[in-house]
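Letters are used for the chains, namely A, B, C, D, E and F, taken in the order the chains are written, and counting of residues starts over at 1 for each.
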Amino acid sequence: MKVTNSLEIPRFSGIRSFMRLPLGDETKTDISLVGVPFDSAVSFRPGTRFGPAALREASLILKPYCSVLDTNIFENLTLADYGDFPTVPGYIEDSLDLIENNLRPFLAKGSIPIAMGGDHLITLPQLRAVHKELGPVALLHFDAHSDTVPEYFGKPYNHGSPFYHALKEGLIIPEKSIQIGIRGPLYDRNILNYPKEKGMRIVMGEELHNRGMDAIIKEAVERIGNTPTFLTFDIDFLDAAYAPGTGTPEVEGFSTHQALYMVRRIAKELNIVAMDLVEVLPDKDNSGITALAGVSVIHAVMAAISYRKQHNLK
Amino acid sequence: MKVTNSLEIPRFSGIRSFMRLPLGDETKTDISLVGVPFDSAVSFRPGTRFGPAALREASLILKPYCSVLDTNIFENLTLADYGDFPTVPGYIEDSLDLIENNLRPFLAKGSIPIAMGGDHLITLPQLRAVHKELGPVALLHFDAHSDTVPEYFGKPYNHGSPFYHALKEGLIIPEKSIQIGIRGPLYDRNILNYPKEKGMRIVMGEELHNRGMDAIIKEAVERIGNTPTFLTFDIDFLDAAYAPGTGTPEVEGFSTHQALYMVRRIAKELNIVAMDLVEVLPDKDNSGITALAGVSVIHAVMAAISYRKQHNLK
Amino acid sequence: MKVTNSLEIPRFSGIRSFMRLPLGDETKTDISLVGVPFDSAVSFRPGTRFGPAALREASLILKPYCSVLDTNIFENLTLADYGDFPTVPGYIEDSLDLIENNLRPFLAKGSIPIAMGGDHLITLPQLRAVHKELGPVALLHFDAHSDTVPEYFGKPYNHGSPFYHALKEGLIIPEKSIQIGIRGPLYDRNILNYPKEKGMRIVMGEELHNRGMDAIIKEAVERIGNTPTFLTFDIDFLDAAYAPGTGTPEVEGFSTHQALYMVRRIAKELNIVAMDLVEVLPDKDNSGITALAGVSVIHAVMAAISYRKQHNLK
Amino acid sequence: MKVTNSLEIPRFSGIRSFMRLPLGDETKTDISLVGVPFDSAVSFRPGTRFGPAALREASLILKPYCSVLDTNIFENLTLADYGDFPTVPGYIEDSLDLIENNLRPFLAKGSIPIAMGGDHLITLPQLRAVHKELGPVALLHFDAHSDTVPEYFGKPYNHGSPFYHALKEGLIIPEKSIQIGIRGPLYDRNILNYPKEKGMRIVMGEELHNRGMDAIIKEAVERIGNTPTFLTFDIDFLDAAYAPGTGTPEVEGFSTHQALYMVRRIAKELNIVAMDLVEVLPDKDNSGITALAGVSVIHAVMAAISYRKQHNLK
Amino acid sequence: MKVTNSLEIPRFSGIRSFMRLPLGDETKTDISLVGVPFDSAVSFRPGTRFGPAALREASLILKPYCSVLDTNIFENLTLADYGDFPTVPGYIEDSLDLIENNLRPFLAKGSIPIAMGGDHLITLPQLRAVHKELGPVALLHFDAHSDTVPEYFGKPYNHGSPFYHALKEGLIIPEKSIQIGIRGPLYDRNILNYPKEKGMRIVMGEELHNRGMDAIIKEAVERIGNTPTFLTFDIDFLDAAYAPGTGTPEVEGFSTHQALYMVRRIAKELNIVAMDLVEVLPDKDNSGITALAGVSVIHAVMAAISYRKQHNLK
Amino acid sequence: MKVTNSLEIPRFSGIRSFMRLPLGDETKTDISLVGVPFDSAVSFRPGTRFGPAALREASLILKPYCSVLDTNIFENLTLADYGDFPTVPGYIEDSLDLIENNLRPFLAKGSIPIAMGGDHLITLPQLRAVHKELGPVALLHFDAHSDTVPEYFGKPYNHGSPFYHALKEGLIIPEKSIQIGIRGPLYDRNILNYPKEKGMRIVMGEELHNRGMDAIIKEAVERIGNTPTFLTFDIDFLDAAYAPGTGTPEVEGFSTHQALYMVRRIAKELNIVAMDLVEVLPDKDNSGITALAGVSVIHAVMAAISYRKQHNLK
């Protein structure tokens, strides 16, 4: 795998691919980066269609070695950037089909796709693809919002509804799934009843603040075990001060240190089969720290996968 | 009509309605301001759903007297702000129906609606409403783009397609209609053939630069005559320097002086039955000059209508 | 109370009132939201006159149910947005009188006003109004600055002086009052002597960092007890990273989690008779997180009041 | 006069004085640059108190030679930057006195002061100072607004009122004065009657657009003749696209080319005794082009004064 | 040549190459787009190293057909984006060599390179490469600055010095060269003597404003004739209102209409052998209009080359 | 020492020197503030040449008394702002010499210089100057990056290499030196071997998070003891949320409270002989919180030095 060395060619040079990785072709890579520039399903502020481009730009300053896990991503894994999936802005159902169909080949050949959103509805077609290729999976979900509202404005599909559908369609295994960091005002007292009744574990932000990270890490790892897992990370899991560039920011959230501390320690124990990082909105990210946080989460998951391969786990 | 006097109460005070006009109720007003916060049909950069709010904010510094036409809007006309129409983000067809149905009552009772977009597709349901209430109309269209592409991404509805549909559905009278300011690179040589074959007059930006404003004013007035007219103004008629806050800005455009000079002189000769101002995108409008330009265009049209009433024209 | 349902009408639609609440009329509501767009008393950076508008915009994404206190604001309380008070920019004394006189009717009929500033001097006329209607009150004050300097530039009124005057005029009961979070460099060693000698409790930021939130919560609740209380929250209580959009930001501050954790737990034990949230400066709040933090504080106080009514406290 | 050479020391280096000129002391200089960081009199958006700092920053890229007038400012004139005048934010009358009293010594010793605002009310105390030292003067006034409203909010002093007071107090000679570029909506038809009745010449923006620059230049020069003249330039004379960074921007304005073309040609014929450049608002001037335009106007006037000295005019 | 169709795949999708053109390989193309992310030679504000990325992003909304010249770029020409040249930030001479050496192969095989800067010093190594491959050339230079200062800070290389060296090294033919638009204050009266004495024609901005575009177009075309020509366009030729995003913006400049009007009409008569577009500085280009103007200039030149091929000129 | 009193003259007034201190002359002051506007050695984003100006602007809101250490800087110390050192943009070696030579006189006369960067390479010439005047020193280094890479792009000098050279040239005593907060992805596993082998103590960010501040404070104080110490603070020690305005921001960092808590407690135990604060990049610091954090660190060190003098330590 030919990678541009940033000690030789300045990192501000060149066509923007993720970490200046080679563009993907037919060859299988361990990890496949793809962009999903879709934001037609947002309930408030649009613009995450420019998320993939912003994440690629932010990824320029990443480097391959993770000192926390003592692992070098480029030594253990093959990676490529496969560009963006086509979508149809303003036509949600068509876009969902395009995303699902474009993702399946990566899963079929055993690559781990890492999708850069886009709004959170893009996780639904990914879960459909994963379900078709690999069967139902565990969901490891970092977010400020549960995204389990059945409908908005009389319509089923919205970035606040993907996990309602995922549960209803049987794409994920509720008793193996966990949502972490949910907080902020809610529409009403009963809004989270459906996922809870289905068996989903919801760790509210307040609980995470009060019990601490280690307790939740332990619970997540034990709950999921070795079930194939889809890791979805909504950038608004982070506090609005750490991730201002998102459509529905929430206060009372978590720092990047807390997020990465948890992601690394949980992910290195799991069998991640697909991942996405969603809801980065560049127009509200003046200084770029939100995109930087986003690629740092991706980096942490890649490092966890690298660590597992390095240590022959799985 | 009770209006807040800015010499008594500072203009930065109070709930944001257009020019701090009273909020509309069942009473008919001569002019009805409405917002249409819809942007699901954009081909590139979204965010004009926040256009109506930005236009209301910018309208705070407007005053009622137009010295160019020597007319006082508040003396000659009754006006109110009726808030925003409901839409369904991500569901174009449903939104089109909502816009059409919400506009019709204003037309039915003889008020002149002024709609604040929103992307340019919102003109289509307005034209449908106008057609149902008043029959086919002349189109007076200021824009950098003809917006007559039949489809995008295999779909009919896009902010680049409203006037293709308007022509096809017979909502406007091509031989009484005119598009002014069209410029910038095109998809191909034949892309404007359809509207031209239908009989639409297209004044390219180059032609306007070369022939000058007075020639085009004369032509527009003569072409339209006393036909009831829908005036649609896409803010990107203005040069990108004058209107940076829009989704597909174009260079080689026109100044606000050129725009208002033309709008006032054409509109005061016509029978305007409805108007919209579209494509203001606040996220790219850091200093607010685009929204200011937008409300200045609205003000010019309101002044033209005031002038006509003052002089018993029509 | 008719409220716009954000699952039916998108939250980016409509005239901007706080949480899209109805505009207030003569009817008494439990809580009365008012804006005070006044910033003539700032010592450094002006612009908080646009604070009320920014707070209303940020309030669009709030929802009525608080899961931490398990209470639904809209079920327990009536609320309305009464718009902004008139002020006279550049004429401080006249503005103070206008604010005082406009606030009194709300207090007179037993509504709890929540004022959105504006700079911190607006608390002084509010305290005068409260004193006239209800007598002296306890002050619960979150801030980075004590705001007890007697004069600036040879003049008495400045946003750094309101609590000097409040103490001197006997508007607040010092032994029932507490200032929390004071920090940053000071003019000199003796600058806080006056409030201390008067009996005010000042919790410096360093003390709060070292002793922790629970100790200060306990102290505040015990100190104030059931005395009628004015809660004033200067957004710069938050660290500059959480509240960049303010005129005199301070580092070494507190997170939104810390702020809301304290506000909820203290406020639900007290008899709040009036509240304000001040010093949000939109021009320095590019991503809007400061305004979001501000409305979250207001939401927390409203939830505490809702909780008390729900549980028949007071 | 020791000046930093930008071919030797990079222009981004050093303490920010205007054009990196020496700081003024007791010595008389031909031109005296002063800042007046006052904005308490604005009717809409404050922040011009940071105008002087922004203008000094923008002045870094100026150079001494004007090729249009073929004159080198540093060769013909002595200049110094005297820092800012003290003011009392929120106390208008006190600030007016401070400005007047601080300006008089410069005039008394025959230096030409160039004041950097600040809002437009600062011209009033300057005119009072000029009147006391030199008697009534001609006013050469570039602006989008006449600023002759008698009162706002029941108070006499506002940045929309300086020339009402100047006329009333007899500070300027109306028949020798001219306002150029007035445009935009007005409060009502009669708002400009007072200055007109007093004998002031008001060149509306529309007239300037229609008659062209040369006609107005000729008229201004002939009208003023050799009367000692105060030149006041409100940055909103420029179109909002050229000067977005101001508190009440106006569309339909003029380019920097038009402004400088006029300023140079008029000023080189006149006896300028004082000048100010007002209403630059850095918070709305993201790219800095407004401040750049402002210092370019100052540069043009300095070049005109240099030209006159070089050619022994006056 | 495979090009992404923006009517099929939304233009916000995909890896950012210029106009989403294919990435270049060994095959020769008529036009070769390259980025030169170098800004170590600026005298004031750095950051143009991010110019190529910003220009690629802005190029997404370009389309292939130019209606003014009635030519379709993609029909007449082969094009590819070859990524960025390596440079060594902080080491000017090494970077100059890298740029020269990387450009030569394109020239050697007869492709027309279009370089996206970067600061203006990058034109020097390009001229060196052109000189080595093709001999001395005519220079067609649009700029606000002549860039012919011999040295800055005691050093020869600076973005204000490239054409001093080009003249001195004999890379360009002065009597066939022309600089258009030079304006703004100068260091001193004699600063332009060197290029003038060498035989360069300098059209000052004032002259262009006064004589008009057609006169200068005629002169440029006649002067250059059929000499192989290097076209260099510094974005600050445009007025600061049209190109705020540059390191040393100048007022009194030209609109995009004026620029493109001239560029198209001159370039279609000439034998352009290489081109660059320099000094776009994204950090000061909040709304992106400067980058848009930049790619529009490139588009105009590509259209001129397409036109010539279409009509078998040259 | 004459200092402007911010209770008399508003802090937004006047020429910008650090804390509005007097400009330095030949007289020795205890502390000498200097700017080093140099950024030619950055590997990614340039612009810190505007750091000194931004830090001076941010310093306006500082006050002299530190309540944490109970010490008044202006009472115990003499201070002055000596402006900026000259540099040669684009010529690294020359600039290093200029910085070294300009710093030595301050050290020679026993003043403690506090340098405002500029990129981190500026610490190298300062260490050279210190070495020549005072011999080798301890290094107390707060940073996200070790900056000990031997070369970039085949060249020795880069803002990622100063401490490689400092170690190699024997400027610092490794066994008395400590780097705190190093984190983020690395180029490879061995990249920190050199400083470790030399004897440098590197406290990784993860270790600081896990062991806590007090443990590291204790270790740093014991390690350094009374060795003369150079304190260098790279603003990216702070988390990207607290310091977005820097060229290579890093997530998982530290708050301003953590930073100042450590800096005060360590610095008051040490013999600081020189200090710098580097890598503030205003173009990415929209709200100014990064510059504010920077001057707060400087203030904390000045307070520690004031505390030591007040208590006759050293």
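Points to keep in mind about this one:
Keep in mind that, in the parts below, contacts are C-beta pairs under 8 Å (C-beta built on N, C-alpha and C of every residue); 3 or more make two chains touch, one makes a residue touch a chain.
Remember, predicted model here, so these are calculated numbers, not experimental data.
Compared on C-beta pairs in contact, B-C and B-D come out with B-D as the pair having more.
Among the other chains, the CA centroid farthest from that of chain E is the one of C. Our note on geometry: chain A versus chain D, Cα centroid distance of 55 Å, whole angstroms.
If you average the CA atoms of chain A and of chain F, the two centres end up 37 Å from each other. For this pair, chain D with chain F, the centres built from the Cα atoms lie 41 Å apart.
Residue numbers of chain C whose C-beta contacts span two or more other chains: 8-10, 12, 43, 45, 49-50, 86, 88-89, 153-154, 239, 241, 284, 286. Touching chain pairs in this entry, ordered by label, are A-B, A-C, A-E, A-F, B-C, B-D, B-E, C-D, C-F, D-E, D-F, E-F.
Across the interface of their complex, chain B is touched by residues 6-12, 60-68, 70, 72, 239, 241-242, 255-257, 260-261, 286-289, 292-293, 296, 299 of chain E. Only residues 43-45, 149, 151-154, 183-189, 191, 204, 206, 209, 239-241, 244-245, 248-249, 251-253, 284-286 of chain B touch chain E when the two sit together in their complex. Residues 39-43, 45-47, 49-50, 86, 88-92, 94, 153-155, 157-158, 283-284 of chain F are the ones that touch chain E when the two sit in their complex. On the side of chain A, the complex with chain E involves touching residues 8-10, 12-17, 23, 35, 37, 49-50, 53, 56-57, 81, 83-89.
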